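Two complexes follow with chain A in common, the first pairing it with chain B and the second with chain C.
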Partner chain A sequence: MVRLIGIVGWIGLLNSVIGVVKADETSLKFQIDQDIDLQDDCNESLGNHEDSCNSGFLFNEDGSETEIEVTETIIEDAPRPTINLRDKEDDSIIVEDQIWYPYREHLTVKPLPKNYLLTSFDFNTESNEFIPGRPSTDFDDYSHYTVFPKAFKPILDQTSTRQLHLRFTRGFWDAESWGRLPYDGFKSGGSGVEIWAILEAASKDSAFSQWKTLVNSLSGLFCASMNFIDGAKTTFPVEAFHPMADSTLPLFDNSNKLYLIRAALANEPICTENLTPLVKLFPTKGKSGITTLLDGHKVFDSTWHSLSVDISTECYEQTDRCIHTLQALVDMVINVPKTLARNENPIPKPLPSDKLRCDLDKPYDAFHCFQLPYETEGSYGLSELFGKYIQGSSLMSEEPSQVCVEISDNWNSFIQVNGSLFATADDCFELKDFQQQDIYFESNNTNEVLDVEPVPVYVSRSLTGYGQDRGGLRTVFMNPQNEPVTLIYFETLPWFMRIYLSTMHLEKNAQSPVNISLDDILQSTYYMPAADRIRPTHLEYRITIPANTTLAVSYQFDKSLLQYAEYPPDANHGFEIESAVITVIDPTAYQLRTATLLLLLSTPDFSMPYNVIILTSTVMGLIFGTLFNLLVKKMLTVEEADKIQEGNSLQHKIQVVKGKIMTKSKFKYQEVKNDLKE
Partner chain B sequence: MLLEEKYAVVSCIVIRLIVSLLFPSLQAQLDKSVELSTPMSSYRSLTEGIFLLRNGFPLYHGGVVHHPPLLVAFMSLFEPQCLVALLYALTDGLISYQLMCMARCFPGLEMPSWLPGALYALNPLALLSCVSQSSVIFANAFTSTAILCALKGNLLSFATALGIASYLSPYQSLLLIPSLYVLSRENNQRTKAALAVLSVFIVLLQLSSAVTGGSWEFLQATYWSQMNFEKLFPNLGLWWYFFIEMFDMFIPFFKAAFNLFVISFILPFSIRFQRQPFYALVLCIGWITLTKPYPTLGDAGFFFSFLPFFKPLFGYMRCPLLSVLLCIHAIILSPIFYHLWVDLGSGNSNFFYAISLVYALALGFVLIDLCWSMLRIEFDGGRPNYNLKFTPTNPKPFLGELVNKPIVVTLKFNKTQYKGNLISTDNYFNLQLSEAEEVVDGKNKGKVGDIFIRCNNVLWIGEDLSAKEQHQQKPTTSDDTPTTTD
Partner chain C sequence: MPSTTFKLRKLIGVCLLALYLLLGVPVWYKLTTTYRAPLPIEYIHALHEDKLQDIHMVIPVYIKCDTYRFPDLHEAVQVQVNSLLNSKNQNVPWSLQLMPYDAKKLQDSNTSKGADYHVVNLVLDGFVGFSLAYDAKETTVFFDDSSVITNDLPFFIAQTVVEHAFELEWSELSSEKSLKATNSMAISYRPNIHVSISLLTGDGYPVSWEIDSTLKKYFSPLRKFLSPLVNFTVDTGILYYNDLNLHTLNTRKNVTWQDLSHSIDLSELLSMNYFSESASLNLAVVFPSEQNCKHGLSFINDNWDGFLVPQWGMIVVNKYPLKQNSSLTERYLTPIMYQFATNIFQLLGLKKDSQELISPSITIDSFKRITILQNIHKAEETLWSLAKLTQAFQTMSIPKEVLRNVTEALELRLQIVDMLNDPFQGDDELWNRALILSNQLVELSEAAFFHGEMVQQNFFPQEHKLAVYLPLLGPITVVTFFGFIRLIKEKPDDKKKRSNEPEKPTGNVVEKTYELEE
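Coming up: the complex of A and B.
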């Protein structure tokens, strides 16, 4: 208990230093009926464990029941809370006068047509104030972290990152039935991992090296393959991705410039190992508040999910101090009947015949059944969808965790606390601390939901052609509105796609205006062609799609072969091409991304290196050797050859000597012969 | 200009124009075939260059355009497609005309001068290459101009043409060495010509740099990327699969080795055949076609169009049928195997690789055969004697035929020869002679009568032609008679 006092006292001291706590006159009492861990070593290392411990100062270890009372006392002129601990019969902890940190969490739930449900988790936090541009080697430099994740600040400082945007997205957003993406698409990425940042640097090269440091650090932090981001995947966007005009970013050193750098890893698998680090960034750490719902099994079972982290830097001109703000979002679209069915049958199997819902208007018997669509009447709670209850609220935020439900009139929503249901007028529920809660929906017609907002433009992109050596890219823009839409099309393609921009042309269908040409609607083009293994193709253009028109822009490319070792292990799977990013700038601001593409490259035979070396060398050697043999020789008769040999060659001299010896022996032979004759 | 020559040139131009205009989609189709177009010479890459140039994008910033800047700038002057087709057809007509002019420089060939031109007009490889609008045709046209000027001894035009040809295709610059031998016999003239070619080349580079706004980026994109084989695209050459499959750390070494391989035979050909410098030049063209990193069938077609000049040598060729069949085999099967690999996926890359090896062998055999024929006609002193057999004779029937005929037997030692009638021989080629004379070191030592020569003493056996009172002094013998010596 003494230890506990120490901890809370330390937190209070922190508050007095940073001055963000607003002292509230009224004491608050909280009941704890959940397990919260506290590490034993917290007091032993008080000075440097604040960020791992301050979120969990309410606890219950090994089942012992404790009550904590926090009261406020004044030290100097800052409020300083103290805690009185006393053992009680019941297991409640009473915290008097909450200490508040700049942390807000919010959950929005919105039913979508066809029994889908959009859940958007929103977490906001900001860092302590810091003096910009101060080198971290200063002897009196120290860093404070309260609710802002400690992991980020050194990375941001080291790489001079002013803005950081991370997106982990997977799945298919059905824009035609679900309408606009959450946050108008500005908070979701293309399938895979997407990252862009604004870095302050002296030159483009140093910006790039800082960027490499940044992505490598984040790679470790989020367990994603961002360390594979290199020059061949990185672009410097020109028009797209730039922050809105009203936000200005500070320059810590006026001789530097800001660089916007972006990269994406298409179809990088997004899974629990990315979600867990994200959840751990928040002070509640998945132990209380709405983060308790975030279970990897359920999040990644959804039809579409997107995790995003946005960090920005804001500076106050009056004080010359800056803060980092962090917004993290987890959005997902859940197919409700499927998820509920999985709760019943974790392993999917066919429905028994008595549970089949057959269309009675059509012929049916034991063998025929025309199935009805899903039931339109339904009621379910978030706990059924996420497999967990919401445990309490976030204790240290300025405002309690909030859950809002956006539903039409034929829906009802309740919050369930301690088995009783409560409703509110605006369908927003504030979560109570230390309570197990659930949000509960019911509707007589789940298909009737709030009208979805129509998207300003539909864009889809596809590969054309059939061979593995070349192909085309075709992007279809469909403007369903009665006014023209201006958008920025941003695309990066890997270097092994050799784009022929000269083949870019407009394909029109019967409805589109006859006299329209590409030059009329294309307003500005930025084209940075790819350089092999160095940078990707970077294409950006601003295009205006006339009202109620469907157009297609297409162009051709060649596919280069790669070197043997550059192919991934599953080379015949193909190469992922990241999605194109479309930013609508007029009439509304909206961002969407096309689906990723799978590019098939022709492959060599990977078992062949030695054979190829041997065969090619043999053919070369055969031709070379034969030609060499011919060229160094001259045709002669034996007599001519003998004449040439005579006199000058060493070989001939040896032969002469040999001949002499042989003659001697011949004489001997003849002598012998003569003897015999005789 | 003879009437037949006019016909040849006109038919060359008209055939190409008709094919281009009647089948407008054929151009794009042929341009996509790996046999006729490479990243370095394809028309669509040239079109991309023109597009980038017209829209003010830097030409060589990306990895698509590899054509020299002056060519891109020149081609951007031709707007409608039919005009471009006409330009290509005219260029091919020029090559055909120049081939005929060259033929007129060799009156000894006993070949009608219109023949090479007519053959070029009908050469399917040249025709397809022209229709595909591959840029190799320009390099070829300037090469043939250079050869013609060299034959005529026109130094200035030769230097200009060869300078432009080397500018368009870097490996053509290797032709400077053999063409200097064609141009002149005087070293002074040769030095002058080499300097002139170099200065033309440098002027062109300067101009290119001016066209691309003072940057030298184009050197990297046009020449270095060829020599360094930076674009891994399948073609009929020996390089592509080798460098795809090669292990990383050896790639620089083998790139250097392959470049040396291209250069290796230029000087030897030029020096060895310096008395027939035109033929040495053609052999060099063939060698470059075989070994360069991005060869096309257009190059091969250009090389083959010089083959009529080798007419007197055709009789010497040892395996013309094999070479022709290999060539046809490779040219017909390569698009099929490529299709199987890339489009259908029912074959793999080894299919096309095998075909590229066959093609290399075919070209290699043609070169080897030509070289052999050159040596052979040199032996015959310029007057073809096709009857002289150099292939080894079967010894047993040969000896059987010599029975009861006067023969010469040379022993292995003492420069001793025996001349006499062959009475009999056995399986070991032991010899029995009657009325034998002994000749030692060219001196007749008198008759020795009937003798028996044990086989192991014999160096060679031949028919005694002097006994038949013939003046032909070249004996045909069973073993290694036409010896070759250093």
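Coming up: the complex of A and C.
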């Protein structure tokens, strides 16, 4: 049978594709040879690079300074001849003059007093432009990604999220000696996980359901327990957390509104499983640039650490296109002597006597030693603190990765490249491509650091009272400055803390000024009472703390009883209460959070329900048994009963037995008597 | 009166026992058993065993001849088609309904939807042959006068239509094998599929690619073309420092595809499950690292080789690493896109081998029908698994929602079967609607099977229930039963009386009873 093949082209397209393919096949074959030539060319120019098919990075530590220079020139010069060659003969893979993507990474290192070191990793990236509101099933809709992580946009699109803020923070920030938090506190959360987002939705209910989807998706993405965020943990902040005034967020559908939603998981452990997904978000993937330093063992060994992700949407009015911007930060405070000591002795053990640093002013001998504080003189490198060297730089950024050191005059900092140390005037070091690098610090007095910026206000919060049915919350505001400070106090409390707002008062003590009442300093209050198992207490107030004043605001609450299944597995540990958020709005913008609290609720004996079942059942069984016997057992008169009892009594039985014996013995006696007579 | 008290007491004992047995036990059982909605297990079993045989798919085919008028040709062809179809054992009954071309009916629909029904064009020519249209549901049969004279034409049309135009049905339905998808290459059918296109390079050099224009030119038409069947969502991305572990193969000689499949590491691409679609296909264009493989991957002979990964997608492995600032042009990407587009048909299960599709329009039409039948089969199997599950675990709860899903699924199934069986309906719209409904059917049946509450309650043991209630049930049972047994053993008073003394007046008894109660 004759078989004729396709007459009409399928929308004329596949045919045209075939045409192109046929044309390309020839060019591709042609390209092979050419590529080999190119390889040879590169080999010539990259003379000192040995064939390294199985080696990792190229540079050994013994290399000399001259070698660096050679490599540097090669890196800059290598592409140029290639461009010419490629352009002449082939256009399937062209080499352009410069390709760079919107990705920047930056590391700031700042020594803090008492031998602490603050390291701030800053990563910034932008997504490709996209047309807002277009369905992804549109035939011409393609989502392109270059350096922006693929994982976010589908989640943001699905939940109509315009701004997303994630905080993973753990540890104690010693504000009194370290001063202000990095980025004025706007990039670090309370201990645990904190998330807030601005969502576009038609109603509050739909915003909440989108929020649920968002936190569940992020929970999977960052391996955090954010899926436990429900209505009872979620608030809609009124004044706090609102984005800065200069940024406006776009609405993709003008009939919708924007909703700001926030939740926090107090004291949630932050660990490697949260850091690894974060590092994977960056295009360098921890293989080059400053991301190579981020090792979970060292990050989470620090005194204070904070991971943050901020995503925002920006739209261009001219083109009607939008982009997402992402800023990810990893900040940590390392106790330098402790980390260095751990490198030496991974298992801590007492120092041998010759290594003890004794205070010679005080009596000392083989058995007595007053230890001196940590050495104030010393030098160390980032590689000792992080256990890794910086490998090369980020190649896809316009500017190379940068490390900046903020030090005072008695400090020196160097960059070590291939065994040699270099210094710069501004203490900012640009990382070199492919090189193994390290940053070194040395100082004759490590306690002398750049002046820390004063904190506008110190706030601490604590639980008061005793007993298991009621308690109190006391918040102490301390303004060390010479001008009054206005701040927004934001607090959410779980529904099982039933607060009495009427008991809110300013505590009278010796330090507080006498003539001030709460009404004078409290400017606005927003209070949303809790609903059991549905929503938390939401309290926000604006308060002004007069200059050089310490105030304590306190109020009382009742502890409610939870249902049997609502207790966590370790109910005796207590319930974590998330930190209060303080946003200073005047005179400067600053944000800080109090420590989390541990609330002890009355914890039932968990075998109680079974005991109750058994006890009640026994009582019911007893009642039923008595009733049953009353109804079913025979009734007798007392005489009858006596008679029967008489018949059954022991005395009667003995009598009967006695009688029987007597009659028998009588009979025998009679017989014997008769016999004797006979 | 002692004789009456005995009877009364006995009656009370019997009543309490009866209460215990007839009211207490059933109420306790009723209140403590998990709710099990009555599923139509018999009906599902019948569907599973294929006892109902209510599916008989009929596809209308119109015969059009412009040169001659054959008033009874369609009937003759119908006879031939039937005998041809009957010659094979059909696992799912199907047949063609041959009809003369009705210009009015078909033209109307043509204006709105284009070529909707399958049409057989008869063209008088010097030879006998046929051709399948590329972009329409149209078969052209060439015939000569001698074939008309010898009356071979009906048989020839029947053979062309059954064995070539409806080749997919002929091979899938008229064979012994079941409808179960046995294709190891294809992903299971889903109406929405995510396509992820990635450019991977072993180095960290910035690279770019003209992917947007390439996709818009070569992939958008495919998306549009396949849209009745599958909706694609597409994303593209560049991944640095990832060569899928290919550099490990470079030291080896004679790399086979098995070595490749053993050493390739797709973990970073597989873990991308952020999209909402449940199925995904991938295209990965991989360049080795210059650091590790400066001279290129030795096992790649050409400039690049494409490999098909079953149920995953396609990998394009390039021989040479990319230079710094490289840009992949449309010229480079087009052949890759073309091969990927061809492979998509295979990955979707539209064809078994890597041959080109001759008549994609007809194949997609047939594939829709096969998918509908496969979906029905899949839903039936899921429901049967549900029935088996509920029967195997007698203590498992069956929520009302499951019953509702099952009922809806079964109703939907009947609706689809009605659509399939209708011999006069068979335009694109019908098949598309049936396909959408069949997807819903699969969803409903899976929603019923994977209902969360069913599994949660599964491991709540019956012994636990007994243990909790034993402190109550124990004493009550002991009291009731032993009391009753003692009552039965007790001799009636008048029997005892014979041996005892006569009774005192009854008034005294009443008095004494009061005393006792007090």
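Couple of notes before you dig in:
As a convention for this text, the second predicted complex is superposed on the first by the 515 of 678 C-alpha atoms of A that agree within 3 Å, B and C clash if a C-alpha of one lies under 4 Å from a C-alpha of the other, contacts with A are read in each partner's own complex, and residues count from 1 in each chain.
Here is the rule we use: a contact is a pair of C-beta atoms (placed from the backbone, for glycine too) under 8 Å apart; a residue touches a chain by one contact, two chains touch by 3 or more.
Values in this document were obtained by computation on a predicted structure and should not be read as measured data.
In the superposed pair of complexes, A:Lys634 makes contact with chain B and with chain C alike. When both complexes are overlaid on chain A, the residue A:Ile131 reaches neither chain B nor chain C.
Using the contact criterion defined above for the overlaid structures, shared-chain residue A:Ile613 touches chain B and also reaches chain C.
By the touch criterion stated above, A:His144 is placed in contact with chain C alone, chain B being left untouched. When both complexes are overlaid on chain A, the residue A:Thr537 reaches chain B alone and has no touch with chain C.
Residue contacts after overlaying the shared chain place A:Ser217 against chain C, while chain B stays out of touching range. In the superposed three-chain model, the partner touching more residues of chain A is C, compared with the other of chain B and chain C.
In the superposed pair of complexes, A:Arg498 makes contact with chain B only, with no contact to chain C. Using the contact criterion defined above for the overlaid structures, shared-chain residue A:Phe624 touches chain B and also reaches chain C.
By the touch criterion defined above, A:Lys643 reaches chain C but does not reach chain B.
Residue overlap on chain A between its contacts with chain B in one complex and with chain C in the other: 613, 616, 620, 622, 624, 628, 631-639. Within the complex formed with chain A, the chain C residues making contact are 5-6, 9, 12-13, 16, 127-136, 192, 203-208, 211-212, 215-216, 218-221, 223-225, 227, 231-238, 240-242, 247, 250-251, 272, 274-276, 291-296, 302-304, 319-320, 322-329, 331-332, 334-335, 337-338, 341, 358-361, 468-469, 471-472, 474-476, 479-480, 483, 487, 490, 493, 501, 503-504, 508-509, 512-513, 515-516.
On the side of chain B, the complex with chain A involves touching residues 32, 34, 39, 44-45, 47-48, 50-52, 57, 61-64, 230-234, 238, 240-248, 251, 261, 264-265, 268-269, 272, 290, 341-343, 345, 348-350, 353, 357, 360-361, 364, 367-368, 371-372, 375-376, 378-379, 413-415, 460, 473-475, 481-486. Those residues of chain A lying in contact with chain B across their complex are 466-470, 495, 498-503, 527-532, 537, 556, 558, 560-565, 602-605, 608-609, 612-613, 615-616, 619-620, 622-624, 626-628, 630-639, 641, 644-645, 659, 662-663, 666.
Across the complex, chain A meets chain C through its residues 1-11, 13-14, 17-18, 20-21, 24-25, 27-29, 31-32, 35, 38-39, 42-43, 49, 51-58, 78-79, 82, 86, 91-101, 136-137, 139-147, 150-152, 154-155, 158, 217, 221, 283-285, 287-288, 392, 394-396, 610, 613-614, 616-618, 620-622, 624-625, 628-629, 631-640, 643.
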